[in-house]
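Structures for review follow.
Across the two complexes that follow, chain A remains constant while its partner is chain B and subsequently chain C.
Then we have the complex of A and B:
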């Protein structure tokens, strides 16, 4: 393997791009786990729904890509809220007991399977693709990077930044953090848990769906695509640590870069293995994840 | 102001509170005392909405609050203070206090409330940007009380404020409670420390095994022979 600057730059750029996507995917998953104590098996399904929704808007309804992504965000936010109220809220009385774990796993898994089956029957199993907004490629010397990736990257970073500001500087954002750290204490200061749960689910679904949306013009869309996203989200949260938003973000980028290096220097086939091995290594050294707070 | 009438609380099949009744009047310090296991913490948890009431009524300012949720009870003006266990560990002292003023009517006044609270607990203002988990046990307790005050409650409830404290701290704690009451806050405390609480209280209720035993003015109860024999080792 001949080392060259162009290759390194491309590797790092793709790594950072992928990292931003991973962070975006993992944030929602992390929030639900930390705040609702829920392992959302349906997270990948929401990612997939966002991807297909954007595909429908752009290729079937002729909508502009950026507008479609925006609309997808809103629709997914509402969908998240609906799922919480209709499917998760009824389980609320089991919170803190064994039935909670069982019940939520079953329900979220059902959502995932339902979405996947639905996508399969509506769209079929063939890969769908979306045209890029800008078909051109940025070229500096022999270094090439598609403009579509840059656009998706910029939007992802923007969303992550907005989420960060929301959590740290708004009343509801602080309330979400409080619920995640000390549920009963949060209720003791007058925070309404139902409101926070609905908000969290809405945000999580919106971010998952938008991640699918942003990647729609770059990768293939198929009914099972959500499981990959789900797997990545899980690994990122485990590496970054539960309960830490900054941890999730750093871990996303870290994983993106590691995978990028693995793809080039080892082989694409080995990358999933490398990711898992890295995750296990991190957990052995720091069981709570790199920045983790809560127990997994 | 607060009326607890014939309240029964169960944990599973275990009857913790049996027809418990008492009142807390505005502006006063009301103390509920008894030995360990008498069900004291359960009383406050039931009032705050964390534990269900099987029989009986709890009303506050004329409104029935028995089946309400914890956040609704905070909105109505009752604030629960524990030993500082339920503070937000990874948030700073300031963030903890700000969240104390979460309820709508208190949020607008949060800057003023924070000033008042820092005046009352100077130690906390020294640590204002530190993460709550770095605070010592005593400081966490202060933070818990301060956070409770941030909601500008009509009734502040203390759950065993002296538990686990060294004797000097116990005196300081009751001194602080006295001052908070002097500022016009109504206080309900539940305590094992019978002597200090009854010395401070305008109204006292002695409970045993979840049941009312005797009640009266704090100072009167201190002079009561039964109370003396059972609790004051006289």
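Then we have the complex of A and C:
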């Protein structure tokens, strides 16, 4: 393989693109960990749900891609709130005990399995693909980048920015941060925990689903797609530090670039192993993650 | 209500009725091959025992140490692969291969437990998921493990050992595993495990070496899973990377949780329920995971002790009745 400037540009740009997607995926996961203190194993299932929803809206009902991404965001937001009320709230009696972790792991895992099995029985195991919005490729010299990737990237960055603004400058966002830092203290100053929990789950599900719909025109959709995405999300969150929002964003881009380099220089087959080993290494050196503040 | 309270079985002297029931079940399992003539039924019984070993070894780690992890099927697969590789390449007896499989799985488990058990909270759950995924990817990519095809053609335990022979061997191993775990959990070691599960800080302060005990119990659990993997590979005469499928891990999980984690006998009951209902009801087979999901969510919310707690409740009632009865006869009152 001849190493040249074009290849380097392509690797970096693909790395940044996937990094934005990873950050989008991992943000919701990290938020839920920080605020509800639970590992959402259903995150991949929500991603898959979002991807299928967009697929149905675009290729079955013939809607515009951007509009259906927006619709997916809203539906997934409601879905997340629904899951919180129906499944997580009844487990609230175990909160703060060992049983809480166990119960939430099982319940959220079962949510993912339920979605996967449902998608398999409704849509079958075939790969589904979506047509791109603009079926063109940006070409600068010998460097190529598809417009679809640029659009998805722009939307992902926009969403991350919106989330950032929401957390830093709205009242609800600040309340969420307060809950994440000190649960009891936040309740003492009058923050309503059930409102924050439901909001967090809604936002997290909406971001997971939107990541799914942004990636739908680029990658294939199949019922097990959520597991890969979930795997990426947790590696990102572990590297960035659990509960740290900025850490998650940095780690998303870092992992995207590492994976894109490893795809080229080692092998696509070994990339998941490499990112996992990197995560273990980070955990051994810094148990709270590279940018973490809160130890698990 | 506590989710996973420790079984009174481990705290007090076990009741006579329970002992009778256990002996009866063991006896039934012992004479079963004399009555079952259908080879398919024998095959199911063997697989049930294999899965029972895996489910038990997974469930004790959760039930008695509170560690929830997804790597048990990876240990099972590593045991199977190690045993197959050793017996195929050197031609040693499968018995040695099975032991080697157990040891290999236990050593592999250190790769997970050494970094992950230092961390508290749910880290181990996610890290173990990635760990087993890495093992799956490595196994299906490496040449030595036969890549996607796996290894086929492993020898049976001895020449001409049919299904019945295998059945008795696996039953023997299962009984040894149960007996060993039972005596271990009632010993001082078991006491330490219980202390750790209830409060890490206070058990740390009275001088229990948490990290060491966690790792050694994890090691043991992986060893049992590896041994059952070795038995499995010699029974099925081969193994492929399909064994690492997350679906199998979910089966094991559901077996353990449906059966109940409070006792070493729970997962066996759970394995029987899950395994035989999957085999016999095709309707369930098609919607397996949807039904799993609903059942597990309901169990977690309403009956987190599993099915075995119901059986145990019956034993307790019977004991109370017999004690009352005895007191009446002897003429004393104890409250």
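One rule holds for everything that comes next: the second predicted complex is superposed on the first by the 296 of 296 C-alpha atoms of A that agree within 3 Å, B and C clash if a C-alpha of one lies under 4 Å from a C-alpha of the other, contacts with A are read in each partner's own complex, and residues count from 1 in each chain.
Following the convention adopted for this analysis, a residue touches a chain if its C-beta (ideal position, glycine included) is under 8 Å from a C-beta of that chain, and two chains touch if they have at least 3 such contacts.
Quick caveat, the model's predicted, so the values are computed rather than measured.
Enquirer: For A:177, select first, second, both or neither according to whether it touches chain B, chain C, the two together, or no partner.
Expert: In the superposition, A:177 touches chain B alone.
Enquirer: Does the superposition put A:153 against chain B (first), chain C (second), both, or neither?
Expert: A:153: touches no partner chain.
Enquirer: Name the contact category of A:250: first (chain B only), second (chain C only), both, or neither.
Expert: A:250 contacts neither chain B nor chain C.
Enquirer: Looking at chain A, does chain C or chain B touch more of its residues?
Expert: C
Enquirer: Considering only the touch criterion stated at the top, classify A:55 as touching first (chain B), second (chain C), both, or neither.
Expert: A:55 contacts neither chain B nor chain C.
Enquirer: Is A:73 touching the first partner chain B, the second partner chain C, both, or neither of them?
Expert: neither
Enquirer: Which stretch or stretches of chain A touch chain B in the complex?
Expert: 171, 174-175, 177-178, 181-182, 184-193, 243, 293
Enquirer: Residues of chain C touching chain A in their complex?
Expert: Listed in rising order, the residues of chain C that touch chain A are 2-4, 62, 66, 68, 115-116, 118-123, 125-127, 129-131, 133-134, 137-138, 141, 197, 246, 250, 253, 257, 286-290, 292-294, 296-297, 300-301, 304.
Enquirer: Which residues of chain A touch chain C in their complex?
Expert: Touch list, chain A to chain C: 38-39, 87, 90-91, 94, 97-99, 101-103, 105-107, 109-111, 113-114, 116-118, 121, 227, 231, 234-235, 238, 269-270, 272-273, 276-277, 279-280, 283-284, 287, 296.
Enquirer: Touching chain A in the complex: which residues of chain B?
Expert: That would be residues 48, 50, 69-71, 74-75, 79-80, 82, 86-91, 95, 98-100, 102-103, 107, 147, 150-151 of chain B.
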